[in-house]
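Next up: some structures, all given as structure tokens.
What follows is a pair of complexes built around subunit A, which joins subunit B in one and subunit C in the other.
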Partner chain A sequence: MKRRFRIYYPFVNAGMQQVTTYRVDWIFYLLGNVVHSLVSFFIWQAVFLSGSEETLNGFTMPQMIVYFFLIFISDTMITSDASMMIAEEVRDGSIAMRMLRPVGYNATFLFFELGGKLLTQIVLIVPVVIGVEISRFVLSGVVQFSVLNLLLFFVSTILAYLINLFFSICFGFLAFVIKHIWGTNIMKNCIVSFCSGAMVPLSFMPDALKTVFMLLPFASLNYTPVMIYMGVYQGADLLFYFGLQIFWALFFWALSKLLAMVSAKHLTVQGG
Partner chain B sequence: MRYIRSLAHFIGRLVRIHRIFVAQEIKRMVEYKADFFIGMIGFLMVQCSNLLMLWIIFNSIPTLMGWSLPEVVFIYGFSLIPKGLDHLLYDNLWMVGSTIVSKGEFDKYLTRPINTLAHVLFEKLQVDAIGELVMGIALICSVLPQISVEWSFGKILLGLVSMFFSTYIFTGVKTLTASVSFWRKRSSNIITLGYKFANFTKYPATIYNEFIKNLITYIIPFAFTSYYPSVYILTGDNPLFNVGVTVLVSVLVMGSGVIVWHLGLRAYESAGS
Partner chain C sequence: MIEVANLRKEFKKTIKEPGLKGSLKSLFHPQSEQVVAVDNISFHVPKGEILGFIGPNGAGKSTVIKMLTGILTPTSGKCTINGQNPVVNRKNYVKEIGVVFGQRTQLWWDLPLRETYGVLKEIYEVDDKSYRERMAFLNETLDLDSFISRPVRTLSLGQRMRADIAASLLHSPKVLFLDEPTIGLDVVVKDNIRRAIEQINSQEQTTVILTTHDLADIEQLADRIVMIDKGKNVFDGSVRTLKSRYGQMRELNFVTESPHPAETLRYREQFHFAEDDVSVECEGTAVKVRFNSAVVPIADMLSYTLQTVQVSDISVKDADIEEIIRRLYMQGVE
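On to the complex of A and B.
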């Protein structure tokens, strides 16, 4: 354990340093995501102002605000650049260097991103949660904040990040087959964003679709953590959805290991 | 007179050079057909997912703050065309902010006998954008029977004029934000942030509060890339503001982009290796 810590700590540190060196870039990246979530906020506010009903598909207006700002946190948290990093390394051949190093291939991505993620979370969670809870209090007149749900949300987004990281690593290996990984990556992000509930809450979708997205890894990425924060999942449900998240994280972890092994056999690097 | 002739000569030369670059790009494209196809489908899918969202929304409400579904789709479709044109022709600015300057590759442009900005703009053709353009045209065509608009030759002409000029609002904002990399080496996230404000203009500006509305009208004027021209086409109201100011804003934004780019060149130091 101590040895592992010594091996991977430089990666965590490098990740943090990348964020602090390119601070301005990082702040603008976060602001960009804020803009994105404001667009969702306004369009859904307009939906509630245009409709006559108090609740739409089980959501009230204050709940919708909580939903989209928490989606903003989980969506920022789960983002992983691993697939693009792998694609770039396959293209320029530096993947050979990474594979030669005496460290786990997947683990280097994990620990590198972990550094930046930690900083991002610390900066985001506090102001967003305070803002969301104040607006919910003003709109509904009741304090609904629960520390337990916030902690469970945090654990759940970490699981969601692991699912997405290992999924992105698997996806990155596509670069061995497809050269235009950039366009494929846009498709992937689009599907993930829609099916995970980042654009429309899954409860707005037709029942059949909702069931499929809930069981596939999609809901585990965004919808599940936010539902946990909102206290929708309790008792057996809560355990079931946590179990599902752990299952998908392990599934993609195993798949990424397998793909790393297979592609190492097929790897031919030109030049150097 | 002499200035006009030399300006005409300058523009003529740029157009000729642009044609040569595009011809090169098309050769590259034919070489990697599958890749371009994938990128195009990717962008089509992004648009489809947004439309699915609109459709789901309109399943629970009849109108969005007074706008019907066909009208919202029209504004959405209109927004895709200038965005797609800018994306098709001038996408290379992203690379300036992400890698060209920070990896020291910008020196190449300084040694060529072409204006650096023109060279960067003309160098790449991003065919992925055809997905957006096709979608934009298809959406506008599909809602035409459902919206009651009095068409006239003048209106169609003004619509096309505003599409052309609003393309350069996108290019201008991208040039401004990409220029930051001359001072800071990297600016991809600043470009992304500037560009993300365009998301506001996919939907009618009346759904936003006054602050956002003023922001996208006066500060980062993306509302002119779709909302204001669409309002003119849908209602026939106030062409002087809805179209005239679009043209004015486009010239201002692109003009300041060109100026800031050249200021940045003076501050530029190679990151070379």
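On to the complex of A and C.
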């Protein structure tokens, strides 16, 4: 374990260095996400205010605030560029350099992204959670913040990230078949974003659709962590949804291993 | 040490006709053709040998190296290095080899060079003491000190190549694969790199496979040459064998005041040389004649030249390997 840490720590470090080297990129990326979540919040607030009810599809105003800002955190947390990195490396042949190292192929992506993510999370999570909790307190008059839920949320987003990473790696291996996957990747991100509840809370959707998304890996990515933070899942429910996340993470991990093996045979390293 | 048996690699190339129509056509009816990049190549390299692996552009050298390093899976045939099959146990195998592709870097673009080595130290599990000794040695032979704290993306080509070679040697590999390690470098850097390869090879019995277009690399370093062309093995033997088998070319150099030496001498007509067997280059008063000494003995060439024009400073040189290889590449080898 300790040995593994020593081997992969440099990748974590390299990931952080990448962020600090291209900090302006990174800051704009974060700002873009903040704006995005503000916009979606204000749209839903307008919908909320235009109705005469106390709740919208069972969401009170404070709950909506929590939902849209926490989903912003989880969405930032689970984002993985692995598919594009793989596709790019397949295209320009630099995937060869990764294969020449005595390290696990998937693990290098994981630890590299982890580095950048740690920084992102530190910068995001504290102010967003404080902001959300203050506005929730102001609106409802009671302190609803739970440290336990925050910790469980954090664990759940890590599982969600793993699901998305391994899914992205699987998807990236498509690059062996389609040499340019840029367009397909955008479509994939769009579908994931919609089906995981990042655009519209899943509870707003028709029951049948919601059930499907809940069981498919989608809900595990964004909706589940946020529900955990909001304290909606308790006891057996909580265990069930954690179990589902773990199942999907293992499923895509195994699939990515299989695809890596298959595509190694079809790899044609281009250039020089 | 390295066993290569009947190695073959085919690539599928998609063919696209030009223009929009071609694009649409290939979208719905993708057409592809087989390219045989490596065709039935076999050779053997004993431990501690430096093998010069040469051939014209597109011969398939890089493809062979990629298969030997486990990056590409052969279509058929086998390669075994140190008893291991490169693609079977990749993680274990790559610990024992060092690889440099001159055309691309394996260093992290954004990291300072020193940190890159730190990363490699951990990845390859080099202990502190060996690491310090190794870095000292590499510093000395490749002169890394002057740029070791700079990010890799700011290095010049020569610096980057030295850095890459040092990176490939950090973990004391048993086999070193170098694919055009001197491409685009100046004489001093080339010399540095050759010295490093030589030292590593003699001190640690490292087996080296080296592809290059610079035949000085071959002459200084290689114990043996394997030459391939269009994916096929065309020569396997020592530099000396290559010279004695194909090296009847000689170079006659002289200086003359006579105005049109080439027109006056007319070697081809005089001795009935074939097209490839003689060539004359004039530069001011200096004349360089390359000729096949198997067709016309050196003595005949000399006496004919001396009788026909007024000559000062005449000499005959052994063919250099470059000349031999130039002829081989041009004619192809049967």
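What we mean here is this: the second predicted complex is superposed on the first by the 272 of 272 C-alpha atoms of A that agree within 3 Å, B and C clash if a C-alpha of one lies under 4 Å from a C-alpha of the other, contacts with A are read in each partner's own complex, and residues count from 1 in each chain.
Going forward, contacts are C-beta pairs under 8 Å (C-beta built on N, C-alpha and C of every residue); 3 or more make two chains touch, one makes a residue touch a chain.
Keep in mind the model is a prediction, meaning the values are calculated, not measured.
Shared-chain residue A:Thr211: touches no atom of subunit B or subunit C. Of the two partner chains, neither subunit B nor subunit C is touched by A:Thr55. Ranking subunit B and subunit C by residues of subunit A touched puts B first. When both complexes are overlaid on chain A, the residue A:Ser140 reaches neither subunit B nor subunit C.
In the superposition on chain A, contact of A:Ala96 is made with subunit C only, not with subunit B. Note: no residue of subunit A belongs to the subunit B contact set and to the subunit C contact set alike, using the contact criterion stated above. Across the complex, subunit C meets subunit A through its residues 11-12, 62, 66, 69-73, 87, 90-92, 94-95, 99, 101-106, 108, 110-111, 115, 118-119, 122-125, 179-180.
Per the touch definition, subunit B reaches subunit A in the complex via residues 32, 34-36, 38-43, 45-46, 49-50, 52-53, 56-57, 59-66, 128, 184, 186-190, 192-193, 196-197, 199-200, 202-203, 207-209, 212.
Contacts from subunit A toward subunit C in the complex involve residues 3, 6-7, 9-11, 13-14, 17-18, 21, 93-94, 96-97, 99-104, 264-265, 267-269, 271-272. Residues 22, 24-26, 28-29, 31-32, 35-36, 38-39, 42-43, 45-47, 49-51, 56-57, 178-180, 182-187, 190-191, 193-194, 199-200, 204-205 of subunit A touch subunit B in their complex.
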